[in-house]
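Before I ask anything, let me first share the structure, which is written out below as structure tokens.
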């Protein structure tokens, strides 16, 4: 098979399965189910390929056996201790053994332990700067309302906090604090003011969610457009009609 | 070689602790105090004292939904999220489902539970059977009511939508980790008119639940709900610990904002003075501003506690050369440090 | 080792698991808290005294533990494959409903494995040929490319894009100004969508510009849609999402702490 | 309960039509770049020939529409600026293949416009795929030499050698030696980059899918990352800035692409092929989003009508 014919064949197959998966929008059908199982099989198969070629071969096998270049000179030493990981890894398969299934918790426990340790390790690096971003100057340092476009030294403009900026900064801080306090659960709120604050916190949350909705729509639509581009332009126009 | 002396808020010896640089003790204290809050409160909760958690509005909706399903005589669907393998979120989700099942068992209402992974299926099976036993009606438990569907995201979505259509469920609970498929569930359940209570720990999926479901537990409310319903000391304690941490963070933000405002006022005055002193000379202005910046590095601002920085590259500590690794190091030494 | 563990008494099981969890997590926590040597290059210098030695050792240990976690996770993949084989194997053996589709699944999985490794082997055998250039492909390389690029990638994209259809119908049906909350969410979402439409946004902006330049009002410039959207993003959305994320982060921290200290009762 | 109003399949069909027809036409669309995109452009253009960038490619075919377009635009810029890069992936075993295929595609484009094609080993290396993203990224942050130590890649003579012997990585001792760390992602790996790398003294740049834009904004706002490309709009901004430059007046003195956030004048690559899927899809996105707005408005009008009718009866 020459390369051009292969391209056409491969693209046609891509269109075929895309249409097959889209057919579920009308109704669940046999064509869809066929494509679905094809999909599941390929994904599982590729995972099996990649697990060795992309991961274990270099992260585990090469480290355990050591590597040599073609002249026979060692480039990295062999660390046989990594072999221990094989039986530890196999313990996870004990989950199917009624008597020893507790052993499957050992590899899981190690993985979860590492996960927890890392969460604690990285906590400040993740959230410290975000808390810091909430600390903005909320009192204006000048009586002027907005940033002037001219007539003032740029250094002075940069050094000052104008009233409009102060208001924005205050709103930023207020939103952050009210959203945080919306999620306080152990305080019995009876005072009306705090209840009001809670409602406002919920409204502010909705603004955040609205933004997520908007950008999510953009993403999903882009993916549909990409599919359509593939079917109409890449396949029909470029491959079939050769234009 | 440059020896930089950090401000008074740092640990004084620059030779100690790469990660203590600039934030000083504070970064480590910040995480530590949160951990301490959580552990202390778990211990408090494990003691005899009953700790307070406020009622979350959405929880009323649970009883309401079960009640309605009973009226209509149709089953209740529960999906405890797409966690593979079972993790702490899934466990909390199953705990809430157990509460729902308890209410349903009282009214002898049929339930349906869809599991995403094999491990979740095993756990759910055990928990639900337990609930029926505790309620004293083990004969009402149908092992087929807890089902394993698939562990592929969209295959699972397709399977659950099929069940919703076939069984015409009256109420649906989607609690736990949900991703892109959240909307597929919510849409399908809505199309048959089921009353829905939902929650996703993924903030990105919450708006879709809000748009399509009757009641949504947002963000943290999910954790709070499981603590509230199960009253398990570990969960209750850590929830209160988290509250204390939030109050601490809020206090930090408020202090920081005030301190920042004070700083910015004095900074603005400083800049104005520097500009005036230079009287139009660009070089003088540059120098004055640089001086101002230099003098400000030593003044204390609260937010400086939160700034992480590595020590400057030219800060050198005297060390013995490593004889064993020297030849290797010589071959790939970086060209000219600093 | 497995044999020794299988003899472990029942009451020792939990502590064994917990100690392993605690140690593997502890390395990372200690790494964070133990003072790390400043500007230290292990290849060139020896650590100064015991504090620096431990710091440098911890640095090495985190990498080792990281690798352990990666390798163990990789070994676990087999569990998923095993359950697929079990489910579809029984379906075929008992000729249950849809057993034909299970055959499809297993056959495609098998062929992907064969072509994947064969292709890997061919590429590894002669590294002087540039296989990134499609002109050098043989049958096996094409087979691998067909299964991976031609089918798997396309289906991945197709499956994900189906959600767009659901979003659209959900928006039409459910995105309504039913309550104050819903109205706020609707309003922001529409504003964001409009600001994402460059043509509409720039039309609006230039209209504002025309008015603003004529009337000499600096304040009017703020009515540009790009300005409004930007302001709302910066002042209201970002802190709101920061707040949610902070809460969820705290939840994760407390969960991590419970697992690390062995306080979590549930789990498996 | 059957929903009244427009039937579902008509809504679906409308989307197919709106997402297809504009694709056949070339429609120029104006647009102001987002602050984050302008910052991204500035950061990338500040790179010098010979600098090394660590590039995490964590997307797969499922988000091809956005991520591939982002990668192509960034790759074109890096290749024209002769910036070396080390590629690695953590999110999905499919990612390395997707990235490699995209690189060869861009390489063809560069060859066509007369540029110097990129040679594996000399100009870029593949550092492979690592499972468990969080651990892998933490490893790289702590000690990049150890993390990539076991990886080998094919050199120009067809020999398998450790990646750190390549011209790309030979000077790299720790993560701070990279001039920039980029993550092109469609999954949680951006969070992990922030967790483990944002604390280091190396600038961090993301290109994320649309869903992740609001979350990524948090990191951008707190200064944890220097910029990001968000979704299709990000690609469109990028292609536009590469074509016209940023704040650069054309021959009529009109500035095509302006940004207040980044006031510097940065030249693009005029006369070269800068147009990619961002520009191709963007007009179509307009029609699809317009359909969305129209449908939401219709839905709301229907609701108000129904409410009115309910009140009357």
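Read from first to last, the chains carry the letters A, B, C and D; within each, the first residue is number 1.
One rule holds in what follows: contacts are C-beta pairs under 8 Å (C-beta built on N, C-alpha and C of every residue); 3 or more make two chains touch, one makes a residue touch a chain.
As the structure is a prediction and not an experimental result, all values here were calculated from the model.
K.L.:
Highest contact-pair count belongs to which two chains?
P.N.:
Summing C-beta contacts for every pairing gives the maximum at A-C.
K.L.:
Can you name the chain whose C-alpha mean lies closest to the mean of all the C-alpha atoms?
P.N.:
The most central chain here turns out to be A.
K.L.:
Which chain's mean C-alpha position is the greatest distance from chain D's?
P.N.:
B
K.L.:
How many Å are there between the centre of chain C and the centre of chain D, using C-alpha atoms for each centre?
P.N.:
Here chain C and chain D have centroids separated by 16 Å.
K.L.:
Distance from the CA centroid of chain B to that of chain D, rounded to the nearest Å?
P.N.:
Going by mean C-alpha positions, chain B sits 26 Å from chain D.
K.L.:
Quick one: report the Å distance separating chain A from chain D, using the average Cα coordinate of each chain.
P.N.:
Each chain reduced to its C-alpha mean, chain A and chain D end up 13 Å apart.
K.L.:
Considering chain B alone, which of its residues make contact with at least two other chains?
P.N.:
28, 31, 34-35, 85, 119, 154, 203-204, 207-208, 210-211, 218-220, 239, 246, 249, 308
K.L.:
Which chain A residues reach two or more other chains?
P.N.:
Expected reply: 24-25, 36, 40, 43, 46-47, 49-51, 55, 59, 63, 95, 108, 111, 114-115, 118, 120-121, 123, 125-126, 129-134, 173, 176, 180, 183, 202, 205-206, 208-213, 215-218, 220-221, 223-224, 226-227.
K.L.:
Indicate the residues of chain C shared as contacts by at least two other chains.
P.N.:
28, 31-32, 41, 43, 66-67, 69-70, 73-74, 80, 148-149, 152, 154-157, 159-165, 167, 169, 171, 173, 175, 181-182, 185-186, 189-190, 193, 196, 233-234, 237-238, 241-242, 244-247, 253, 255, 257, 259, 267-268
K.L.:
Touch graph of the chains shown: is it line, ring, star, complete or other?
P.N.:
complete
K.L.:
Quick one: which bits of chain D touch chain B in the complex? Just the residue numbers, please.
P.N.:
Answer in residue numbers: 1, 3, 164, 170-171, 173, 176-177, 199-201, 211-212, 214-215.
K.L.:
Touching chain D in the complex: which residues of chain C?
P.N.:
So the residues of chain C in touch with chain D come to 28, 31, 41, 43, 59-60, 62-63, 66-67, 69-70, 73-74, 126-129, 132-133, 148-149, 152-157, 159-161, 164-165, 168-169, 171-173, 175-178, 186, 190, 193-194, 196-202, 205, 226, 230, 233-234, 237-238, 241-242, 245.
K.L.:
Show which residues of chain A lie in contact with chain C when the two form their complex.
P.N.:
1, 3, 6, 9-11, 13-14, 17-18, 21-22, 24-25, 33-53, 55-56, 59-60, 63, 82, 84-93, 95-96, 100, 102-121, 123, 126-127, 130-131, 133-134, 146, 148-149, 168, 171-173, 175-176, 178-180, 182-183, 202-218, 220-221, 223-224, 226-227, 230
K.L.:
Can you check the complex and tell me which residues of chain A touch chain D?
P.N.:
My answer: residues 25-26, 46-47, 49-51, 54-55, 58-59, 62-63, 67, 69-70, 75-76, 111, 114-115, 118, 121-122, 125-126, 129-130, 132-133, 208, 211-212, 215-229, 232-233.
K.L.:
Name, in rising order, each residue of chain A that touches chain B in their complex.
P.N.:
That would be residues 24, 28, 36, 40, 43, 95, 108, 120, 123-125, 128-129, 131-132, 134-139, 141-142, 153, 155-156, 158-161, 169, 173, 176-177, 180-181, 183-189, 202, 205-206, 208-210, 212-213, 216 of chain A.
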